[in-house]
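Given below, in the form of C-alpha cells, are the structures.
Look at the two complexes coming up: chain A is in both, with chain B in one and chain C in the other.
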Partner chain A sequence: MKRLRPSRWTGQLLLAGAGSGGRYGCASRRPAQHLVALSSSSSSSIRSQSSAAAAAAAQEEELAYDGTDHERFPPLDRIRPADTSYPSPAPERALQSAKLAALHARLSLSPKIPLQTLARTLVDASADGNPQFNNSNLAFVGQTLINYHVTEWLMVRYPRLPMSIIFSAMQGYAGDKPLHQVARSWGIEPAAAPGGEVDPGLLQFSAHKPGVSLVKFGYKRTEAEYLEKFKWRRGISSRIVFDDDFGQTVKATPGSEAEQSLEQQDGEEGEEGPVPVMQYGNADTRSAAETAHAHAVRATVGAVYAHCGREAVKNFIKSHILSRTLDVSKLFMFKSPTSELATLCAREDFEPPVARLLSETGRASRTPVYVVGIYSGKDKLAEAAGPNLDHARWAAAMNALKAWYLYSPGENVRVPSDMLSEGAKPWEPAHIDIGEVISR
Partner chain B sequence: MEAQLLRRPAASCKCLLKPSSSTTSASLPITAIRTKLTASRHRRALNVPPHPSMLLTPSSSADHILFNPPSSAPSVYHTPFKFLPKSDPRRRANLPSLFASSTTINYNPDSTSSSSSTTDLPPVVLEAELKQKTHHLTKEDVEEMRRLREQDPVANTVQNLANKFRCSKLFVMMCCQAPREYRDQKQAQMEAIKNRWGPRRSAAREDRKRRLDMLFRGEL
Partner chain C sequence: MTVKALQQISTGRNGVGAFILQCKKMDIHYCDWAGSSRGMNGFIKSILPQFAAAHPQIEFTVSPRPSKHPIIVGHYINGREKAICVRNMEPLQILKKAELLRDASGEKLKRVTKPVQSINDSVRGVWSPYHGNGMQV
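Up next, the complex of A and B:
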C-alpha cells in the first residue's frame, strides 16, 4: 500500500504560479468583464482579448505620461497594466507583498504553506467570482474542520448541555462574529475596494455585491418563507436535520436573493436619479465584512489542512479558536426554573428540591438581601442571593440547573480525534448523558 | 501586631450577632443586627479578628496553607456532589460526601434520620414545597371540577375548587377554564383597572417585568 502524500494534492491551489501544463493549465487569468462567459467561450479567444486589453492599457499609460523622471523616482509597486483588469491580484504578486509575508510570519505558519495560497485565502467570493481564484473551497474545508473540532470538544467537555445551548456555543466559537474577531486579531485588514491592483496582503471583498460561495451544510426548508412570515416554531430536532451547524435556517441559493434585491434596488434608484454613495458601516455592509473576515479565517484553516495535514490543523484550531474564552453559563435562559428542577430531580430519583433560607439581612428595609439555598434531601444543590424571596429562590433554582447542565469531566478532556494520532492511549468512553430534562 | 490579634479571640465577636426575632421561624441561622448605640462602638465591634488560618501559631510549621477565600457566590461550574454521574472518579474519591448524602445510613443512633435532617437544615421558604404529592384526584374528579367551573364560575372560583378538591390552584387552572363570557368580563374589569393606573405605577410594573426577564436570562 502506498503512502498518501497530502502535500501533493495541493498543486491546484498554486495553479496560476505553475504557469502551464497539468489539468488546470487552460484556466488562465481573464479580465473581469468575461467572468460569466467562462465556461462557454474558448481559452484562445480569452487570451487574445486580454492581450488586446493589455496593449490598449500600455498605450493609455504612454499617453498619461506626466513628466515624472521614472529613472529617479521609480514607481513603488510595479504592476503590469493587465493586472488591473483582473478582479483580484495575480497570484505571482503574492511573493512581493510585505503584508502577506508579515501575516505568514505572525501566524507562525509552516513554510510548507506558500504565500500564494495565503494570498488566495484573502480573496472573498464577492471580490472574485471564479472559484479557482477565490477562497470559497478552502473556506468550505476550513469551516468543516472548525465545526467538527468545536462540536467534538463541546460534546466531551460539557456532556449535558442541551442542544440549543450547544448551537449557541457553536455560534460563539465558530460563528461569523468570533471568527471576524480572530481575523482582526491576526491583523487582517480589508482593502478599500477589491481589484487586481491592490496589495495581495489585504482582505478583498465587496460589501455591496455578495458573492456566490457555498460554505455551509444544510437544507433549504420548503416552508422557509412561512417561518419568518408567520413566526413558525422550529423544533430542535428539525434544526439538527435541516439547518446549518449553528441551527440557523439556510437561505435560498446563497447570494442569489441578495443579488436580486440589489438589482431591484439599482433599477429603482436608476429611475430616480444618480446612485447615492453607500454609507460605510450600515447593517448590510457590516455583515458582509464579518462574513468575509470569517471566510478568510476558515480558508486559512483549510490551507493549513491542505498543506500541513491533520495534526497541524488540529493544533491550529486549538490555539486560535478553542483557546478563546466563552462563558457557557451566560448562554442559558429559563422560563420556569423551579418546575424544571423538580422534573430533573424526579427523573434522576433525587428527593424533590426544597428552597431553604440560608441567611437574610434588612428584611424591613428598602434593600433586603436574602440568600436562599436549594436542597434535595440533605444535600445543597445551589444557592443564590436576591432582593426578595421569590427572586432568590428562582435564581437558586437556575444555578442548580446550570450546575447540572455544566457538569464537566475535567479541564483537559480527551476528544475522539486524539485517537487518530499514532501511539495514542486506548480510548476510554466519554460520558454521554441520557438527554435533556425538558424538551424545548 | 500579632499579640494584639491574639488577644481578641474569634469567640468574642459573637456579641455582634443575635438571632433576629422579627421572623416567625426561631431557627433562622445568621441575621446580623446592629446592637451598638454609637458609631465608634459599632466600628470597634465590627473590627473582626482574622481567620484562624491566617494566624501563625507556635504549633504550625513555618509554611502552611492559608485557606480563607473571600465570601462570594459559589460558581455554577462546581458540580454538587449529588449531580456527579456514577462513573465520575470524583464520586468514588469522596466517600464521606457519599455517606453524608445517604438517607438510609445514619451515623447518629440517638436520633432518627428524618428528625435530624429537619433540625439541622435551615428553614424552608415555601411550606408547600415540603408537602408530598398525593395524586388522589381521578378522572371523574377532574370532570366534576370542570362541570362546576363551567356551571357557576362566580361561586366556584379557582381557590374554592382547590380547597374543595384538596389540590393546588395551579392544578385547577391546568384542568379547567371559565366560560368565555366570564373570561371576557374579567378581562374588561382588568383593563379598566389598568386604565386607572398613572404613569408611575405602570412604569414600575413594566420595570418589574423587565427585571424578572433579566433574572431568567441570568443578567441580574
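Up next, the complex of A and C:
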C-alpha cells in the first residue's frame, strides 16, 4: 500500500480560496484562478489564507500623522483599515503576533506547523462563520483523533469497564470541561470580543451568538426535546448508536436553522439596528466559553495531525490529554451491589458470595465499626469497614465489583494504534471481556 | 442497569506528559532619562536579545515608563502577575531577577514544609486499627 502523506494535504489550510472574501456561502470553487488573481492584485477587500498575497498590501498604507513622535513611540501594531471590517484577524497578521509565537513555542510544536494555522485554531465558529477561516474543520479532525485515542486506551487499559463508565471516563478526559482546562493550562486567553483588529494570539469567540460548527458526530433524535422534558430513559445501546461519543444526546441544530439566522444577521448589519444588551457571567456564556476553549484544543490537535502526521499527533494527545489523572474507581455508583455481585458470581461459576464479619469494635457505642469480608467459597473477594453491618456489607460488595470491573492488564499496555508505526512488534490480542453484569 | 456513572474531570499535573512554562509574558519597563534605569537600559541593549531568544515561550514587551523606576512584570498562566522593581541594579543583577520571574510558578509565595505533593494514592495504604495482630498493652 502506498503511504499517505498528510503533510502534503495541508496546503489548503494556508491557501483558502480568495472567493471567500465575500462572507458566507460564496466559497471559492476555482482556487487556482483566484491564486493568480491574488498574486497580481493587492485589493484590500480580498481575504486569503496565503501569506504571500498580502505581504505587499501590508506596506502600502502609511500611517496618518497625528502629532505623535513615531520614531520614539513606534505604533504597536500596524493594522490596515480593511482588517477591522473582517470578523477575524487576517491570516498574514499571525506572523506579527508575539502571543501566537509564544504559544507555538510553549506547546513545543513542530516548526512544520505554521503560525497561520495556529492562528486559525484560535478562531471559533461563533466569531467567524466562514469555515475557511474558523477552526471548525480542524476541530472536527481533532475531536475524532482525541476521542479515538482516549477510547482505545480506556478499552485496552480497563477491558471490563461497563459502557456507562466508559462514556463518563471519556467525558472526563475528552469532554468540553477537561479540554477547557487544558486550554487554560496552555495559557490561551480569550479576547474581549472577536474582530479583525484583535491580536491573532487570543482566542476569539462570541458568547452570545452561537456558531455554526459541525464538530460532533451523532444523530439528532426526533424525540430529543421530550427526553429532557419527561426524563425519558435512554438505553445504553441506543446511546451507542444514536448519541455522540460521550453518550450525550445531540442537541444543537448546526446547519440549516443557524445558518439562516446568521444570514439574517448579516442583512441587518448594514441597517445598524439597536445593539442588544449583552449579559455576561451566566450559565450560557460560561458554556459557550468552555466549548470555544475545547474547540481550540481540538483544532490544535487537528493542526498537529494535518502538518506533522499520525505519530506526532499520538504523542501530542498522550502528553497533553492522556497524561491527566482520572480516578476511574470514583465514577461508579451501584444501586444494588449485593445482588449484582451474586449475578456476577453465578455468571462466572464462582460459589455464591457470602458476607462474613471479620472484626468489630464498639458495638454498643455511638461509633461502632464493623469490618465485613465477602467470600466466595474459600476466596476472599473484598472487604470493607462500615458503621453498621449493612453498610459494611454493601461497601464490601462494591469493592468486590470494582475489583472485577477495574481489572487492568498493566499500566503500559499496547494499544491497537501502536501497530501503525513501522517496525512494530507483532500484535498480541488485547483482553476482550464478555461484557458487564446484567442483573434483573 | 445497576451501574450508574458519576461525572468527574481529569486533573492535569504540569510536567507529567508535557511541561508548560508557567511564565507566559514579561513586561520590561525602563526610563531613558532617569539614573535608576541605567542598568536596565544596559540590560535591554546587551542581555535582553539573547535572553528573549533563549525563551521563545515567553512573550516580551519593552516599553518606556518615563520618570519612574524600571520594573519587570511577569504574567503567569494562573492569571497572577509578579512585579519586581529593578532600580539602580546592574544588568547582571537584573538578569537574575528576570530568571527568578521566569522560574516562578505564579503562585503566592508560601513556606513549603512538605516538598512532595501528590494526588496519587499512597502505595502503602492507610493504616487501619482493625487489621494486623494488634499490640498487647
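FYI, the second predicted complex is superposed on the first by the 351 of 440 C-alpha atoms of A that agree within 3 Å, B and C clash if a C-alpha of one lies under 4 Å from a C-alpha of the other, contacts with A are read in each partner's own complex, and residues count from 1 in each chain.
The rule is simple: contacts are C-beta pairs under 8 Å (C-beta built on N, C-alpha and C of every residue); 3 or more make two chains touch, one makes a residue touch a chain.
If you're wondering where the values come from, they're calculated on a predicted model, not measured in any experiment.
*Asks:* Where does A:Gly211 make contact in the superposed view: on chain B (first), on chain C (second), on both, or on neither?
*Replies:* Neither partner.
*Asks:* According to the stated criteria, A:Ala403 is in contact with first (chain B), second (chain C), both, or neither; which is it?
*Replies:* The answer is first: A:Ala403 touches chain B but not chain C.
*Asks:* For A:Pro91, decide between first (touching chain B), second (touching chain C), both and neither.
*Replies:* neither
*Asks:* According to the stated criteria, A:Pro200 is in contact with first (chain B), second (chain C), both, or neither; which is it?
*Replies:* In the superposed model, A:Pro200 contacts neither chain B nor chain C.
*Asks:* Tell me the contact category for A:Val437 with respect to chain B and chain C: first, second, both or neither.
*Replies:* second
*Asks:* Taking the superposition as given, does A:Lys330 touch the first partner, chain B, the second, chain C, both, or neither?
*Replies:* both
*Asks:* Would you sort A:Pro190 into first (chain B), second (chain C), both or neither based on which partner it touches?
*Replies:* A:Pro190 contacts neither chain B nor chain C.
*Asks:* After the superposition on A, what does A:Gly302 contact: first (chain B), second (chain C), both or neither?
*Replies:* A:Gly302 sits against neither chain B nor chain C.
*Asks:* Look at A:Val369 in the shared chain and tell me whether it touches chain B only, chain C only, both, or neither; answer first, second, both or neither.
*Replies:* second
*Asks:* Please report the chain A residues shared by its interface with chain B and its interface with chain C.
*Replies:* The overlap between the chain B and chain C interfaces on chain A comprises residues 330, 332-335, 337, 358-359, 361, 385.
*Asks:* Per the contact definition, I'd like the list of chain B residues that touch chain A in the complex.
*Replies:* 20, 22-23, 28-32, 73-74, 76-85, 87-88, 100-101, 103, 117, 120-126, 129-130, 212, 215-218, 220
*Asks:* So in the complex, which bits of chain C are touching chain A?
*Replies:* 1-14, 16-18, 20-21, 24-25, 56-61, 64, 77, 119-120, 128-131
*Asks:* Could you list, by residue number, the parts of chain A that touch chain C in their complex?
*Replies:* 73, 98-99, 101-102, 104-108, 162, 164-165, 167-168, 171-173, 175, 177-178, 181-182, 184-187, 236, 318-320, 322-327, 330-337, 339-340, 358-359, 361, 369, 371, 385, 401, 405, 436-437, 439
*Asks:* Hey, which residues of chain A end up touching chain B in the complex?
*Replies:* It is residues 329-330, 332-335, 337, 350-361, 363-364, 372-373, 375-386, 389, 391, 393-395, 398-400, 402-404, 406-409, 431, 433 of chain A that touch chain B.
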